[in-house]
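Handing you this structure, nothing more for now.
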């Protein structure tokens, strides 16, 4: 990649190519529990470089509006969330959740209020998140109801975590299944001991788990196959399994910033992440775990809260406890004895590496290998999509396929002669992994 | 306002238009008590973007000089405040309070010391403050002896507080009496309860107070009248009172950065503020309370120390306890039940709003209303004065009227047919509010 | 000096004139004890603006290599320091101490690894430090074995300390012996009391010490003489002693950034400092004390650890306890009663003044005196050397004289008719102070 492409891929500020592209999609912008009650405290929201304010109005519906009052530029954050709108405490101007100015106590009755309306974005609540659409209103796409957003609350666990670097390198980490042979690996010689320490292992039959870990350790050079879907890319990495079989780990990338984890076998929990830029140098990572068939157990939820697979251990502001500032509490003795990194937590291991690539990774100095094909395809795919939007101004193709966002990712064992599209049908009953 | 005007209004760095203008006036730069003793510790002072050093010399007089030694550029702050001057600890050069180099122990006797003289500004102590004049020496104006500087120490309480934004938006807040119907208001239904909570209420007859609060609450749209004075603007805002009367709240703006509070009725305490830029993104606000007729009571002084009207509750460095960094300790439950903002303290409420306008408010995106006339007049008035100085290089008109700085502001009730100049005479015995 | 010269003198980033010059010399980059064991934790190293990584490999030899993996740009700091090299935890690439890529587990056998080699610099351990040479490999100079690097560990004490300003003003402070009459002086009237407080006084006969302090106090205007050596400058400052004698304090500057302290009389401990730029606004100061004739006593070492002469009192990260952020814990009462600065510690007094000159001292506004001749000669000397390198690309002259770095500095008393070259021979047995 050259410098211009790196910038195009990573910058989502207003009026950038990727910024315009992101704005064509629904994005999570808050946890629902961050606005717990009607007429409660508003929340500052920064997303795609824009400073916004979210509040839950009297009807319980969420407004996402400009942060500042158009009268004298005071912050509406200190405002009163009153009956049907947020009121600026400076001179009392009031705005409803659509940004409409509904009261100007300092203006004479009959004053036209239209030019005082403020920017607002439509919101939607689903799956424990508040989502927003920040693009042209006349082209608002259908909501992409990912599977976890369609399940009972008992079947899902959702959170978010702060990260100190650009969104794109985080997403690249999520679809790069090659690094599982290293970054997240245990190095104990005894495989049972290894398993017991591998805290991101999904719940499954012990012997099955043991085999998977062995396969990942023994073959650090998976063969990749990448397929286009309605809404992104299916990225399959196949490692030698026993006999003539391959062990497939299949991730899903969905436009513009969702990635599903490649680990789940049928019956196991699914996991995914959505990487929402705050600005070009930081992002919120929305993380979700779901089981389509049953409620999550208390133990599973407790584990997620303590940091598990994509879920980090976070403080009350959703900032991970192990961050760049404290070197992720790296334990060099543990790194010697049993952990490849000495850093606790799969999410934290990912964060350490992704942050370390710089606040915006410099892709012009890389040397890619065949195992990077998923990452390379993602970049090419996104750059094409961004350039197409710029040229045609037509809504991105993925936005026309809201139903296709209900898809799964996961693992499977298949004969080495099988191609990825056959494996998909075997594992998911659908070539793209879409749930009926 | 366009961007160029916004910049002209707000930037007071050396060699800017407003910077030159400010330098034509005496400014408070320290509390007298920050230099408590002759030959005591010097103090770092940053004002109008200049790094300076203040020290009280052996005679008890204050020098305000360049921060750095001209020999090798070491800071004089670590210097020795000795007999008649400050001595650099690097090689012993010594400077008196006029910046004159009076000793160079590393130079042979007879060496000419003149070129080692450093920048210095004349100072004057009055009203508990150390004032400085930073303009052309040959045009040093008479000291503008505001009333509080002319009274016995028993009759005044003076302090200062740090603010994290540009001076001009703070001053605009101080002369904008329209926001009293909102920002500082209590919302209890019972007016007596409201009064008891309204901690900035002046001391006066209870029933009179109650009426004023009612008038301010019931008329959020005061009619404004603005008059020019010798030294600035008288800004009167009139609200409907009982019967055919108007309740006037009259603020005074004095060039270039003083504002007197519009609340005092005869016999009550007067309050004022002077907004001294540190740089373009922060300022010290010098705050003063005075009673021309009597000593302040211990209770009044105790209240000021805890934060009262323009006085903030500050730490030992004069930084407010409730600041942007801690969201001014906003209490959302209080905001629901009885306080318009949920923020404690009139000064802190002002600071929250003024800081929230950005480190320099962007005046190009505002939408002003008739109640903003005082603010608009202030801006026009200042821009004209700055441009006039640039063109004519003549001392600002206000500097020729030092005696006119001894003026008052305050409240009054008058028949609705009265114009502001008549109200001024009724209330203050002088059309400009000047004290004989 | 003009602005361009100031920049040339101070900037050591890659591709600057001084940056290229520094890279022709061996530099200390870590304490040996910061890499205590083979295959232990790696260390981040930033030197001359370059982000590097140091690790001690299985053989106990130190690699100093690029901080980042060339594959995807992950930091090697989180890497595994394994058998014979450091392994990136992202995808397992491994590099030996020469930066050679020795394993790529994600690449097929037979893949050419040469283009994955990373930048590395040769290292050498001596005198308790790890040294590196960052210039053209074909012109690597012999190691400049300063005397302390040639002695048994028992005879030396070495440390380092962080400083928040440019390297050059620190070095200038070290060779400026004129400031001893001020910055480090005690002001007690009783000279014995003064001595007891002068904690940087070398160990010697009490009466001899007393005399030296008296001479330094009584003559603040030493006469300077500067001689060129094979590797730098000998800077002698002579003060009036008793009768017809002069008290010489003789510092050594060795290219490009070493300075030896001018205090030691024969038999006393020697001290020196090397100022290694981290970037243009901060440096590590490597500090060393040695006695060529005997082991340092426990008491001497304990004193060094608590801060003594050039050694600062530092925390576990080698950051001084008394820094700009806490005003060096200046004690104004002590400054009144007995200490010229009120700051404890010679090193800390130097740091206070040097930091106070700004993060890069502005030499365009100085007014130099005859006592600044050493500083002026150093600047001229260095600028000439830098320009010569740029024009000729020939290795700096000093690098051809590695053996001449084994030199001493110190004090002496001689008849006033003696010139510096004669004093050198008297004091050191060699005109340049070189140890046989």
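Each chain carries a letter (A, B and C) given by its place in the written order, and its residues are counted from 1.
Convention: a residue touches a chain if its C-beta (ideal position, glycine included) is under 8 Å from a C-beta of that chain, and two chains touch if they have at least 3 such contacts.
Just so you know, these numbers come straight off a predicted model, no measurement behind them.
Taken as a contact graph, the chains are fully connected, with every chain touching every other chain.
Looking at which positions face the partner, subunit B and subunit C present mostly different ones, since fewer than half of the interface numbers are shared. Per the C-alpha superposition, subunit A sits rotated 120 degrees relative to subunit C, a value rounded to a multiple of 5.
Work out the mean CA point of subunit B and of subunit C, and you get 49 Å between them. Residue positions of subunit C in touch with at least two other chains are not found.
By the touch criterion given at the top, residues 40-41, 68, 70-75, 77-78, 80, 88-92, 104-108, 115-116 of subunit C touch subunit A in their complex.
Against subunit C, in their complex, subunit A makes its touches with residues 178-179, 181-183, 220-221, 328, 330, 332, 335, 340-343, 349, 352-353, 356-358, 361-363, 365-372.
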